[in-house]
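Look at the two complexes coming up: chain A is in both, with chain B in one and chain C in the other.
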Partner chain A sequence: MSAEPGLLEIRGLAVRFPGDRHSVTAVDGVDLSLGRGRRLGLVGESGAGKTQLALAIPGLLPGAAVVGGSVRLDGEELLGASASRLRSVRGARIGFVFQDPQTALTPHLTVGTQLVETARAHGKLGRRAARAAARQLLERVQVPDPATRLNQYPHELSGGLRQRVLIAIALIAGPQLLIADEPTTALDVTVEAGILALFRELNAELGTALLLVSHDLAVVADLCEDIAVMYAGRLLEQGPAAAVLEVPAHPYTAALAGASPRLDAPAEAPLAAIAGGPPAPGAVLTGCAFAPRCPRAAPRCVVEAPLLRSGRPGGGAVACHYPLAGAGPP
Partner chain B sequence: MIGIRRWFPGHPAARTSLCLLAAIALLAVAGPKLSPWRFDDLDWARIASAPGGEGQHWFGTDRLGRDLFVRTLEGVRVSLAIGLLATLVSLLIGVTWGAIAGFAGGRVEALMMRIVDVFYSLPYVFFVILLTVTLGRTPSTLFVAIGAVGWLTMARVVRIQAESLRHREFIAAAIALGVPTWRILVRHILPNLAGAVLVYATLTVPGMILIESFLSFLGLGVQEPAASLGNLMAQGAAEMEAAPWMLLVPCSFLVAIVLALGFVGDGLRDLLDPRER
Partner chain C sequence: MTPLLAVRGLGVEYRTGRGRLRALDGVGFDVGQAEALGVVGESGSGKSTLARAILRLVPATRGSVSWLGRDLLGMARKDLRRLRRDLTVVFQDPLASLDPRFTLATAVAEPLIVHSPELTRAARQRAVAQILERVGLAPSLASRYPHELSGGQCQRAAIARAMITRPKLVVCDEPLSALDVSVQAQIVNLLRDFQREQGTALLLISHNLAVVRRLCTRVLVLYLGRIMELGPRAPLYAAPRHPYTQLLLECVPTLGRARPVAAAGAGEPASPFAPPSGCVFRTRCRHALGRCADGVPELLADDSGHAVACWRSGELLAGAPGTVTAPSPAS
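What follows is the complex of A and B.
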């Protein structure tokens, strides 16, 4: 990790949902930083807290959530910022792309209206200038025939086009950071490849940093320079994506990589799976969250939670008492 | 002028109903001028005569010999006006109140909806009597009395809709992109409420007409010799066995208006929902 402060600095972020009997901890003390123009992939199973983490950054969690720690964007603290302050950050400095393009566009407003309103919410653009900007951006995200699309309603577009429109809306106010929560999960594979290529191009051209939330290691390996692996609300491993995925240091990352279906495996070979299941959301965790499912777990793992320590081989950090020392998956 | 066929594509019933409503409204305005009788003229020679009898009483006369054709149309006019105006008021207050409560959520919502509950729990007749005592028995009092309760159900309907919309992803997306709150409310939430609101409004109009007739029946609403569908039906009901037309004539107008409004609301809902286009 470089000494220069990144664009996004998250320190000790905790998200808790208090309940009547017991509260649920969705994010449990996460440290994460993202440099200007970098692409970071946040991976984990369903329920690992990835989405809650992503929502916490621009303060989008529901009122019931108790959020602690610190989230700094360009040195400015966002946690506990006023509603109007947050509103001026959302869209203008942090763009957000939601998972399902079918539901994230308002059905009764045209594509153009929705682009223009986001542009005008943050800039001093006139209606006509905003519309011109919207048209240019649609062209930029490779929507064919942008002039016609501006006047169309979301239901007149295909899923892939709608996701492109959502990306355009997220980018129209020129944010420094784009958060995409499973942006390709609802799309089919060929459309997914196109969207991923678009993310890479936009990142290179506009210099917009990308935080990609995904459960798909292949997507992250394809698109991101850095990776952070999340499990039960904690970060287990982070570092350069290539190094982490090729030579995982945490047994969980290794197991996750081993569980990805492989095309070169014999057709009759069973799919590898990680035994057991993630801890229940309300469970009180002592020790390492992954210990009950870990093939390398030792008595120490159950009682003492490992801290995320830098110095993993190949760069990055790992939270494990007994990291895999540069070996392949066990 | 746009051809009427294009108004409600695929909704012949809505088109027909709209024409019927227009015809009834036109008849209510112009009809009384066709008859030689005025709504409060007494024809001593033909008391309670059946429709189609002598003396140009096309719908017959009531027990005081007043022309039922003119009185019914007069009543349609009064009832429609009260129904429409009261619905308009209930739309304005109810939609604003409900949308704000539903979108704001939390304590604001709780407070606003408890106020609605308090209004709901007022003993209605007692409330109206108090109003007529303090404000006098004028049409505007009747109006306030109907308006005071009309918006309550509308506010509840809208609140539920707005609340379910608040949790939809496109609202979350609009919030996540920093769209101003008032704009989310006006552009993203309100149009989505249009379907439910319009359908409910078309049901409110006859509801208001019924409240008016109920108040008129109790002597708190439209007073004799003025006519409304409500007090005409109340009188007709009293003579139902001897002179059924006194009930049937105003009744069929009410039924026609209620049904037509229902079909028009249905057509409007489909028209305003982009997924149905």
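What follows is the complex of A and C.
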């Protein structure tokens, strides 16, 4: 990894939701870097805190959340920035694509109006210029017949087309960073394949860095150069996606890869399931969060939380007292 | 031997504000005793409608379904109720499919109360305890309500409820889609064990071809309400015969291989309100020729029972991929 600071530098990020009896820690001290123009996949199961982390970056968490640590975009601290400053960062410098293309678009405005409004909110474009830009961008995200689509309402579009429109809206102000939270989870695999290809093209052509939040290791393997694996609010492993997925160092990464059904594995064999479930939200964790489910756990794992240390074989970092020494899954 | 379930020429039409929608058209297949059949396809392919028609949750407009030789579609409500002991269902959303007012133990015991009223309370409780252990739910969870359980625990409870009467066939409609990968693997293994150990037949509706491959020995591929391909697992995955099956397999996200570049141009299903003439898949098919628009290809099986509905399957199988035409963009 280069010493030069990345586009996005997250240090000790913590997100906590205080409650009457106990508070829930969604993100528990995460360090994460994303280089200019890179594609990083943040994976984890439900409740791991990946969406809360993604929302914390552009300051989109609800007011009840207590956020600590530091989030720097191109050197500028975003945590604690004023509401008006954050508004100008969102859209102009950070674009956001949400999971459900059905609800992320306003149902009573045409696609064109929504694109034009976003363009005008961030630039000094006139109405006509903004409309031309909108049309061009729809073409760029491969929406067929863009002139017609501009006058259509979201419900007239298929799920895949809606997601392309959302990507166009996220990109219209030319952001440096695109955050996509489970952008293909609600879509068919056939449609997903097209959307992932589009993300790759846009990244290559526009140089927009991508933070992809996903539960699906295969999707991250397909699209991202780097991967970060999250569990119970913490990062357990990060590094080059190919190296991490081929030879995981953390037992959780290995278990997750083993539980994913592959087409090249024997069809008759049972899947390598991970026993138990993730800790309940609000559970107080001493030691490693994965220890209760870990086949390699030793007494030390239950009392002492491992730190994320660099020096992972193949690059990256791992938070484990007894990492798999490049030997592959146990 | 009479198949457990025999579906013939099944058609389902929905009347909607936008006109008639033919959700299923001329679908026919058998499910044998203890067999696991997978049904795959994109959204709108008719997978869930198929499950619902077999369960009599939507009326069929055409065709027949028979259960061990008896007509299921015309069956009186009283007989249908009795059949629910042998033909059960597991739905996608485990939380929504359990009654929020019932504890887990009550929910799981309910089918026994209905179908085996002769059982004593003690015998019923024994059966519930047994099945809960079998699906991996701790006895301490028995008095919990659905909202107190995780998605995986609810799905285990739903499976326990579906299995407690020792049914002959369980229809599973996307039983894994709402679950995390690690939990999904547990449920796949659980269904697999029931099928192997108790000889429970499965009709597994799923959009995930990689999961279906682990559970099912035969696979049915649906597109816009029609069967494109139906065959044994090994040849269907290794050498799919229908261009649609090939496309689906190219698009499956899976570790250990890069998605082929062609997958990016897979396009989206045509509108079910105005399905293409002839072969419904032709507008997305990279092998389509003009004549594919002329008539609906018949589903033809070879000696091994591997069936495909494609005008060009003969030529394509003969190994002439050089004739491939450019993929037509989805409209």
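Everything below uses one rule, namely that the second predicted complex is superposed on the first by the 326 of 330 C-alpha atoms of A that agree within 3 Å, B and C clash if a C-alpha of one lies under 4 Å from a C-alpha of the other, contacts with A are read in each partner's own complex, and residues count from 1 in each chain.
Definition applied: contacts are C-beta pairs under 8 Å (C-beta built on N, C-alpha and C of every residue); 3 or more make two chains touch, one makes a residue touch a chain.
In this text the structure is predicted, and so the values were computed from the model without any measurement.
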Taking chain A as the common reference for superposition, should the pair chain B and chain C be classed as clashing or as fitting?
fit
Residue contacts with chain A in the superposition, chain B compared against chain C
C
Have a look at where A:169 lands relative to chain B and chain C in the superposition and call it first, second, both or neither.
first
After superposition on the shared chain, which partner residues are touched by A:273: those of chain B (first), chain C (second), both, or neither?
second
Who does A:49 touch here: chain B (first), chain C (second), both, or neither?
neither
Partner chain(s) touched by A:323 [first = chain B, second = chain C, both, neither]
neither
Using the superposed model, determine the angle chain B, chain A, chain C defined by their C-alpha centres, to the nearest 10 degrees.
80
First (chain B), second (chain C), both or neither: which does A:160 touch?
second
With the two structures laid over each other on chain A, which partner does A:112 touch: chain B (first), chain C (second), both, or neither?
neither
Looking at A:192 after the superposition, I want to know if it touches chain B, chain C, both of them or none. Which is it: first, second, both, neither?
second
Overlay on chain A, chain C to chain B nearest C-alpha distance, Å:
9
On chain A, the footprints of chain B and chain C overlap at residues none
Which positions of chain C touch chain A when the two form their complex?
42-43, 150-153, 180-186, 188-189, 192, 207-211, 213-214, 233-234, 237, 247-259, 261, 263-269, 329-331
So, in the complex, the side of chain A touching chain B is made of residues 58, 60, 63, 87-92, 95-96, 98, 100, 103-109, 113, 117-118, 121-122, 153, 155, 166, 169-170, 173
Parts of chain B lying in touch with chain A, wherever the complex brings them together
105-106, 168-181, 183, 187-188, 191-192, 272-275
Once bound in the complex, which stretches of chain A touch chain C?
45-46, 144, 158-161, 188-194, 196-198, 215-219, 221-222, 245, 255-257, 259-265, 267, 270-275, 277-278
